[in-house]
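One chain, chain A, links the two complexes that follow: it is found with chain B in the first and with chain C in the second.
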Partner chain A sequence: LLSVSSLVCCSADEDVDEPNLSRSFSLRYEPDHGGAVGSSQDTRLHVFTVDYDYVQIPYEVTLWILLASLAKIGFHLYHRLPRLMPESCILIAIGALVGAIIFASDHKSPPVMNTSIYFLYLLPPIVLEEGYFMPTRPFFENFGSILWWSVLGSLLNSFGIGLSLYGVCQIEAFGLTDLNLLQNLLFGSMISAVDPAAALVVFEEASVNEQLYMMIFGESLLNDGITVVLYNIFIAFTQMHRYEEIESIDVFAGFARFFVVGLGGVLFGIVFGFVSALMTRFTHNVSAIEPLLVFMFSYLSYLSAETLYISGILAMTACAVTMKKYVEENVSQNSYTTIKYFMKMLSSVSETLIFMFMGVSTVGKNHEWNWAFICFTLLFCLIWRTLSVFALFYISNKFRTYPFTFKDRLIISYSGLRGASSFSLAFLLPVNLFPRKKLFITATLVVIYFTVFIQGITIGPLVRYLDVKKTNKKESINEEIHMRLMDHLKAGIEDICGHWSHYQLRDKFKKFDNKYLKKILIREHQPKSSIVSLYKKMEIKLAIEMAESGMKISKSSTAASQSGRNRHVHRLSPAEVESMRDVLAHNLYQVRHR
Partner chain B sequence: LLSVSSLVCCSADEDVDEPNLSRSFSLRYEPDHGGAVGSSQDTRLHVFTVDYDYVQIPYEVTLWILLASLAKIGFHLYHRLPRLMPESCILIAIGALVGAIIFASDHKSPPVMNTSIYFLYLLPPIVLEEGYFMPTRPFFENFGSILWWSVLGSLLNSFGIGLSLYGVCQIEAFGLTDLNLLQNLLFGSMISAVDPAAALVVFEEASVNEQLYMMIFGESLLNDGITVVLYNIFIAFTQMHRYEEIESIDVFAGFARFFVVGLGGVLFGIVFGFVSALMTRFTHNVSAIEPLLVFMFSYLSYLSAETLYISGILAMTACAVTMKKYVEENVSQNSYTTIKYFMKMLSSVSETLIFMFMGVSTVGKNHEWNWAFICFTLLFCLIWRTLSVFALFYISNKFRTYPFTFKDRLIISYSGLRGASSFSLAFLLPVNLFPRKKLFITATLVVIYFTVFIQGITIGPLVRYLDVKKTNKKESINEEIHMRLMDHLKAGIEDICGHWSHYQLRDKFKKFDNKYLKKILIREHQPKSSIVSLYKKMEIKLAIEMAESGMKISKSSTAASQSGRNRHVHRLSPAEVESMRDVLAHNLYQVRHR
Partner chain C sequence: MVSLGCFLLPPAPSSNYKKQMRGPRCCLSAFCCKLLESHWNVTVFKLFSSHPLFPFFEAVYLRINNKLVPISELRRRNILVVTVSHSQITRLYSRFTSLDKGENGTLSREDFQRIPELAINPLGDRIINAFFPEGEDQVNFRGFMRTLAHFRPIEDNEKSKDQNGPEPLNSRSNKLHFAFRLYDLDKDDKISRDELLQVLRMMVGVNISDEQLGSIADRTIQEADQDGDSAISFAEFVKVLEKVDVEQKMSIRFLH
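And then the complex of A and B:
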């Protein structure tokens, strides 16, 4: 199925080498344009005519998305395949196949993925989904460790890999002496951007303990932003290096940049998040556009931040985290479902497209092979990842109530998969500053392929083999009430002790939230107590699940239906069912009333 | 709120005159590009930098969509406003305001709506939503009348208006003698494209009888396609007219074109619909991408048809109608909700944007005012609409069991509102063939403004005043069973009489569908009987409504809660509630089993 569909799509793609953007945006019936109007040589009216230029851009985008969807469907058709290897492997392979077909058919490099497309259109849905579905509580409970690990880890990896490679470049036998220190540092920052999406999928399946999961999750969230900033700083330094000396003030400016980019992004996101939450207060008559507000405001926060060279990733994450709580209380149940599912759909498509484009871009003439550089890059990536994990967690464990075990640290260091961000940063390099760009691209691709294929396939078995500590959490009203009691208790004890920590902080924020924010951002007549609203949310979830169960049973229990299962089924008159429904609805009402 | 928000958005938009597409697609860090990298004059590293070009396109699109959403929210904030006038009035007014601000600030015409954007991106969501939510049964029951009215009505209006205006142009005092017959006919075809979306909203609110509703619905569905074909044929003729004589073979080719475009579009759509239905059979493990398949396949059908100059509107409608039935049975409940709500959201945004762009384009120097031409256009539009309605329905009433009353016909002729399609067709005109394009644009805008503002505001009161026949239909199992019984009966009677009509046809199709199509397109283990599946669907709908009612009551009944309403509420132990839930779920299961 897959190869056939890719062939079909390719044949439609082949006659397109480089999308001629300006031309396809022109009007359809303008005089300089052929088609139905007819050129001056042939003015007869035709019954059939073809005009591909006109629809080229949306047509190709649609075809790529469909190809990606078909690849995904094909991958999941045989249920054992997803357990053997991560989806990304198959997608890259299909992409490479498509790239090879394009390359074979017109003997030139296939159109590589445009990096502005990656940063403007493909990355935001993934970031939004990650931010929106981030489990807020565990994230902020482990916030110190996450920040410590992701910021220092990225810095340590970037400088470690960069400096070690610079050392290797000094050996004349390898033919790499033209690479200077700055170029190596830049490459180090580029190659240390990890993309642990594949690892997260494995963790979720194996339901590993929450703090390990949050560590990798937090890294995936913050790491991209940090490496992009480092990369930009190094590019700027390289540019300056050609004209003048780098002074110490520049290095300080670099540091200042780091903070502006990070904190500015978060601030931006919070402001946009509050504005969008405020907007959803007034949509009770136009609930159709509620999902739109969520998507557009978070995208706007991303774009605005990017315009100011502030971290769009952090802005969008902060925006999603901020708005989520209030938006969910305001919007209708159907909008809520639409937001959730459409977000998941968009991010899954983006991910699929990125991996496929990565495969496509592998084929071509963009490569320069140098055994020494590539092997050492791979080696240093592995070494510095392991080193930084063990060093940083050794320190952070001293401050933690539940330290990370040896197994946890092993898993974290093994989950350093590289992905689309390294790849697109490599393609972004300006050739005039980096004459050996092709070598960087090749090395990056090798590292990505190695980590995705070898580590990606083996991480699942490794987690199962090491048997890391597991949790199985389930939401319930009871647990929620107890958790709140404990929170209040801990905040009170801290108050008495005079010790000031995150329990106090959370307590303060909750009071502020109840007193001011909720009043401004949430619609009137919503339930006052959050316990009641949680109960209501779970009730709705249950009702939908119950209604769906009829469908699910009918799908799965054809074998079971032969047995006498329906003996236990009571027969109910419609009146009885009606009265029950009434009672249930009123019960819900009563709880709210309390 | 509105004027403030539009001002805010405008100030961000003002510094953009014409989107420079090719530039913004360039890479961000390329050497010819300033920004963070720093140009050669200023290579110091900055803590702050701005780069707007990079994000221009998505930024402006996002801002426009947000402005449209805010306008919508503001319009519905005061609940009496939507009852006084259609939304489109306000949107056009806001658009005109924005256009005036842009025009005032830099003294040149604001960027007019690009027609390829209209046909490629704004129109498809509206068409898809109309097709997908089309009530299939009443549409096909009135199919003959709909086809008769929309095809002949469009032709009659186009030629009528065109020829009458040509007559007016012969009077030398008006200064219109340079307009030849073909140009007038083209203008006639352009101006007869009605957009009765506003009328449909009024009809839905007043719940007028089904056959009247279906007439206007069918017209809105087919009319666009017909006028676009006519328009293209006339453009081609005008082009040919410059070089050579139009021969009779060309007129025949024009007729052939008419059928190719129409039937080809429908055929295209059906094929794409079946393919996408088949695809959703295999998505049980990747339900996240189910909505995507629906959207992408229907869009692909539209684009493919447009490439071949076949009616994309008809293709997309046919695709949506074909796939709907099978897709709904295959996909999960959440995907179903997402498809439905996202479709509604997209089409509502498109509609809003179109009206706003129309307002924006009003302001500027694109106009030429000629009292005679504009007044006669308006007059002929009204006269020919009324004439064609009364003439065509007089004939079709002779073949109908339930004829259209005088009131019905009056309402149909009054609901001929012009909208975005006339407007964008006017902007599409090639200037070299139509030297007086500006006059055509002005006349079109006047007709649109007149029909939208005067007729749009008065049609609601008119429907209420005339008190047209109403229906209130409610879906129930009982009704469905009786309707099927009647269908079988009627088909049987026809069989005995030897008379062959649409009951027979439907019966044949249903048998074919059950025997072959359903087996191929719908997943295994789905319920066999469609009555059971209908029951299940309604059960799920009820469950969700019940769950939501808790939220709705809490919103509306703050006043009522003071009264002793909760006296009637039974207190239930959790165990009781649990058992009820079990009973309800099993009951559902039992019905399926039967």
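And then the complex of A and C:
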């Protein structure tokens, strides 16, 4: 982190450090040689000097991050608070507080946020973490619906909000007539960037059913990429057509570019993912660099895609998803833990910085308040999200085995929380193209505050009140076995019916995977059954527990297996169930095909 | 032996319900009617009289002994009726005939084993067995459909209808029973340790030692067993899977 912030510091200050360094050194040592230059008044050697400018930027950044971390700790210590409001609320509140302090003391805030810093350093960790920890199977099972919903939902929302706002701007009374169509469309695309991290936390805590969770998760994953693509296209339009009219050929070019950028990003990511998985196959002697490989390859995929103006976000996501499966098999346990926690740490830091900066800029001079624009923005955001949810899901429900009920759709439309992405995009608008940038920033901030605070706080009670269908988290080995049986059964019946479904697609992919990909990308490839991996991990965990606590649990269990017919009922402790659950999530779909 | 013509209608939305009460309707193509007439047999229905399938088509009429009898009458007399949309039945029938290499209108076990993906399915043999009723070696189209009827998705409007009537084959309980029967070969309504071991061995493969597998089986039984008989009864099986979305796991969409 310090390297990142010093990088920030260097790029922001443009090598001011070097002369500073030499200057402060010379100031300290010169007096000893008898006051050569008369500018300095201190001719004695000072035992104690303070030089704040030297460390100002990294110091303040670190302070911010520490402050946010302390706030998070405090937030979770008081156990009632997480139930009431999402974590982002606290972060924004702290940011606003810090902003107030900075504003009051008239201090120059650290230049943490500009375009390159955001897109090069702050955004990638967040995207990487989302992509890496994505539960792949539910994602791909619902892939059609997720794709349909994210892509069309974002498009519908952006254009809907943009066009409606343009309509409102035409009304003379509001004083907004200088906002042309392009600017409104751009604003629409910016504001429809959804950040439902808070909603996801609520869902996880309430254990809502997997389908619902996956829809929101998938949407947040793809939505970032799509919104940024749209944003860039609109900015390109704005730059290109300041003087001319937009021709239809450009609109078509825009569409084509959308697809090229999106699909190109995914392909890039997949290629990089495979390359990095291949690299990790050979690292068993240098396991210390395994996390480095993972991070650097993902980052490289992002940067390479950005070079070609392809969606780096989608590239990084695809890279993480592709890489994860093979990397996890290849790397050592320590590396796996390192990767996991370092990724979480980085993304947490980025998110914190962004939220803090959002809070800081709330209390500042870059605002323009216009009642009409802001109220209508808020209104249109809510209306268009609800409209798009109901319209799109009405269609996609016809093709799903598990159609979404009205309650599900209500929850989905209510969980459209905006967050850091919208704010960043608003903040980074080029002022020369958007003279009323401050208005946009204010409107974005209002929408974010509203959705995060009001919707974020009320979505928990809403989910509980609506009693949405709960998930079937596998808690026991029974469930694992019987569900595997049902999977095989369903696959068999589908084969008998001659029916081609996504199960068969998945099976075919698995066969291809086992035959070719795993042989190339994984070290010693042994087909493993997840039931046995689960059992092995359980035994290891049990042995560790026994060693730590000195209890003789494992003795009775081995006695049970040997006698085969014992009276000791060994009820599984919650710790074991918890470890099984974690292990299941890790080992789940490695079905061995004979 | 009476040959029976069945009118199969697609699932009727509730608004059309009253309309269909009026006159006899035939919504099937001639091909469908002909194919059904050669495969449906009223005496076989009576054997299964305790398990009517989808009892919600009041207005479908059956021709028994050249007389048109409404389905409601049959239900009163506990005779079952199959209800699947007729596009699906033609498709499944063409699949049935393509599997039936001997062209005698029935399938044998060898016909099923010819399906390549089924041969490598760990539970392939047991699934095939589930199609054949007790002691028989041939299954006709009716039996084929009856087994597949377990995998029809459960719809919301089905749940509320006819709570007092007998359960449809695709209810959650019947789906679970189907899965239970895959374990329980000796049909004593219990999954013993040996039966569980056999299925585990099929699903897990040959790399695992018997001892490890035995431990897994023991742990499974310990988790589920509540009455202490070291076996899993159907009730315990249902209880252990109460949080699982069986309806989705054991439903095939195209059978809708």
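Keep in mind that, in the parts below, the second predicted complex is superposed on the first by the 429 of 594 C-alpha atoms of A that agree within 3 Å, B and C clash if a C-alpha of one lies under 4 Å from a C-alpha of the other, contacts with A are read in each partner's own complex, and residues count from 1 in each chain.
Just so it is clear, contacts are C-beta pairs under 8 Å (C-beta built on N, C-alpha and C of every residue); 3 or more make two chains touch, one makes a residue touch a chain.
Because the structure is a prediction, the values reported are computed rather than measured.
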| item | value |
| --- | --- |
| Touching partner for A:430 - first (chain B), second (chain C), both, neither | first |
| Which of chain B and chain C A:402 touches, first, second, both or neither | second |
| Which superposed partner A:458 touches (first chain B, second chain C, both, neither) | neither |
| Partner chain in contact with A:136 - chain B first, chain C second, else both or neither | neither |
| Partner chain in contact with A:481 - chain B first, chain C second, else both or neither | second |
| Chain B or chain C, by number of chain A residues touched | B |
| Chain B versus chain C as contact partner of A:494, first or second or both or neither | second |
| Overlapping contact positions on chain A, where the chain C interface meets the chain B interface | 526-527, 558, 561, 569-572, 592-593 |
| List of chain A residues in touch with chain C within their complex | 209, 401-402, 470, 472-479, 481-499, 501, 504, 507, 526-527, 529, 531-532, 535, 557-558, 560-561, 564-565, 569-572, 592-594 |
| Of chain C, residues touching chain A in the complex | 92, 95, 98-99, 112, 115, 117-118, 120-124, 127, 148, 151, 153, 178-179, 182-183, 193, 199-200, 203-205, 207-208, 211-212, 214-216, 218-220, 222-224, 228, 230, 237, 240-241, 243-246, 248-255 |
